[in-house]
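Dropping the structures in below, format is structure tokens.
Okay, so chain A shows up in both of these, paired with chain B first and chain C after.
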Partner chain A sequence: MKSPLIVEPMFHIGPVPVTQPVVATWVIMAVMVLGALLLKRHLKQRPGKVQVVAELVTGALDDQIRDVVQSDPAPYRVLIGTIFLFVLIANWSGALPGVEPPTAHLETDAALALMVFVATLYHGVRSNGFIGYLKTFAQPTWVMIPLNLVEQITRTFSLIIRLFGNVMSGVFVIGIMLSLAGLLVPIPLMALDLLTGAVQAYIFAILGCVFIGAAVSEGREAGSPERSAP
Partner chain B sequence: MRIDWWTIGLQTINLVVLLWLLGRFFFRPMAKVVADRQAAANALLDDAKAVQDKAAEAIREAEAERERTVAAREAALDAARKEAEGQRAKLVEAAHAEAQRQRADAEMAIAHARGQAEAQMTRHANELAADMAARLLEGPGAKLPLSAFLPELEQALAALPEATRETLATSASPASLVSARPLADEEKNMARDTIERALAHEAALAFDSDPALIAGLRLSGGMAVLDVNLRADLNRVTARLDKQDG
Partner chain C sequence: MTIEEISVLSAAIAVSFGALGPGLGEGRAVAAALDAIARQPESAGTISRTLFVGLAMIETMAIYCLVVALLVLFANPFVK
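On to the complex of A and B.
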């Protein structure tokens, strides 16, 4: 059996090796963009069934973001929504025969975590200013600066490892089951994998939202009179 | 384990591109549709609120108009009531005055009728008295001698105008001498002598009798009628009583 920790290039574009997760991501991107274009073309004030589902999803995302960030969800909607939908579809793509989810590879999860990390920095600086954001690392006291810095790295790595571990393990278990048992035996595990994929997509998106919200709100709280008064 | 940095880079680029594409073709259009719908719903709500406010205003105006109408109705009713009371008072007063007038007229008519009735009764009483007197005098009257009436007849003839005396009981215009009872010839001659002496000429007389005279004579001729009898006396007494009683 091939190790899931190793990706082999499928082909090269010049010096750049193109691996299976990249191709799978392109396919998923194409499907998502085509779906978005089709939906956009048929958007109406009186929505159809598909539009109702799409509005339900975006509405639920807005509610989650608003609950976590405690502010208008518009600046974070595209990032968190894209991460959630991509991770969900990528995780579920493993149910298709012969398709290995891109999120089962460390590189894709690292790219997703990198986006969250950059977005956290961007929104933290945008909300608090550069100095203000740096000051948040000295909260509640300057002694915490090293720990806060390490936390930024470790929580990003935890994002990567959590998603990678869950999805990869599901793929790995199904592969083992397929090699050991018959064709229909892994179906319950695949169903469980769908549930795990949805939960992981939700967890990844919400954690990204929590990190961004923390970066935004920590500066707000640090500058608030209630916090500085005692 | 081996990290493929090319794959990380490509996936990062892919995700950034996907972020841009979904933002452009999915999230922003969806947000715009929802916002437009929300705006349309808000506009509808605003319109409905405006219509509701307008309806509430119309209801308030209708209520105020109803109250004004009620007040005007009450005022009109009060005015009509006062006018009716005034007219009623006037009518009652007029009816009272009319009743008083009619009562006065009726009392006057009753008094007049009573007076007439009393006068009529008095006349009847007088006539009755005259009749009773006539009845009472029928017996004694018949026994009275003719000579009891002749002096009075002579005085009556003497009181007549000269022209009347000259034309009375002439042959051209004989006079009628009516007595209560038929006269004997001696009595007739006595009467004729008395008349001729009073008239100073020969008298043409036609003798007749009428028991209604009770007692006495009636000489009539031409325009002159001389009553010297109890009936005429009773008639005069009755007329005088009638005149006295009113």
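On to the complex of A and C.
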């Protein structure tokens, strides 16, 4: 059986080996960018069907982000929304024949989680200032500094492993079922895989949102008593 | 027993015990969420969102065990 941890290169561009997840990622990116451009070109005051759906999705995303961050969702909409849509499309792309979801490989998930990590730092520094954000690491007391530092690493790592493990196990189970009984038997599992993919995309986006919201609001809470103190 | 046989056995043990705890935990979480929704149907949205995030957190433990099992099977450092 093929190891899910190793990716064989499909073809080479010069000295650079190109693997299947890279191709799938670029195709998904192209589809998303082209779709967004098409949607942008046909924006109207009286929306058509496609625009209504797009506005519905954006509104739902905004509501979720507002619930978590407890403030205006505008600064986080682009990142969280793009991550959600990308992970969703990537997870569901496994339903197409011959395509393996790029999120079933560790590298894609690592890149996504790294983006969330950098965005957490960026929004923390942006809303609290550099010193103010550093102070949040000593939040209850200074004893918590090592724990808070470790937490930053482990939660990013668990974000990677969660998405990887869920999507990869779905692909793996379908592969095993296919080798046992080919016709029609894996269909319920594939349906379950679609559900898992949607839930995991939601979870990934919401957790990224929670991390960013915590980085933003912790500073607010840490800053207020100091300002009120004489 | 060779190192390969031990690896296969330990992968099975890791997944089986790793599925046990999260299974019990998820059952309790869903039961508590259903109870809460039955008491307060108007807050079903908030409860189910928190439930999904919590379930994903619990499920991560099982996924960790799965990843350890895969490491043991496919990327075992002791198998030459």
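Miscellaneous remarks
Rule of thumb we're sticking to: the second predicted complex is superposed on the first by the 223 of 230 C-alpha atoms of A that agree within 3 Å, B and C clash if a C-alpha of one lies under 4 Å from a C-alpha of the other, contacts with A are read in each partner's own complex, and residues count from 1 in each chain.
Heads up, the rule we're going with is that a contact is a pair of C-beta atoms (placed from the backbone, for glycine too) under 8 Å apart; a residue touches a chain by one contact, two chains touch by 3 or more.
Because the structure is predicted, anything quoted here is derived from the model rather than measured.
With both structures placed on the common chain, the touch criterion links A:Leu5 to chain B and to chain C. When the two structures are aligned on the shared chain, A:Arg162 is found in touch with chain C, with no touch to chain B.
One of chain B and chain C touches more residues of chain A, and that partner is B. In the superposed model, A:Val22 lies in contact with chain B only, and not with chain C. Once the two complexes are laid over each other on the shared chain, residue contacts for A:Tyr76 go to neither chain B nor chain C.
In the superposition on chain A, A:Tyr133 makes contact with neither chain B nor chain C. When the two structures are aligned on the shared chain, A:Val33 is found in touch with chain B, with no touch to chain C.
In the superposition on chain A, A:Val199 contacts chain C only, with no contact to chain B. When the two complexes are overlaid on their common chain A, residue A:Leu207 makes contact with chain C while staying clear of chain B. Residues 5-6 of chain A touch chain B in one complex and chain C in the other.
Of all residues in chain A, those touching chain B in their complex are 5-7, 16-19, 21-22, 25-26, 29, 32-33, 36-37, 39-40, 43-45, 47, 51, 54-55, 58-59, 74, 77-79, 81-82, 85-86, 102, 105-108, 110-112, 114-115. Here chain A touches chain C in the complex through residues 3-6, 64, 67, 158, 161-162, 164-166, 169, 199-200, 202-203, 206-207, 210, going by the rule given at the top.
Remark: chain C residues 46, 49, 52-53, 56, 59-60, 63-64, 66-67, 70-71, 74-75 touch chain A in the complex.
Contact residues of chain B toward chain A in the complex are 1-4, 6-8, 10-12, 14-19, 21-23, 25-31, 33-34, 36-37, 40.
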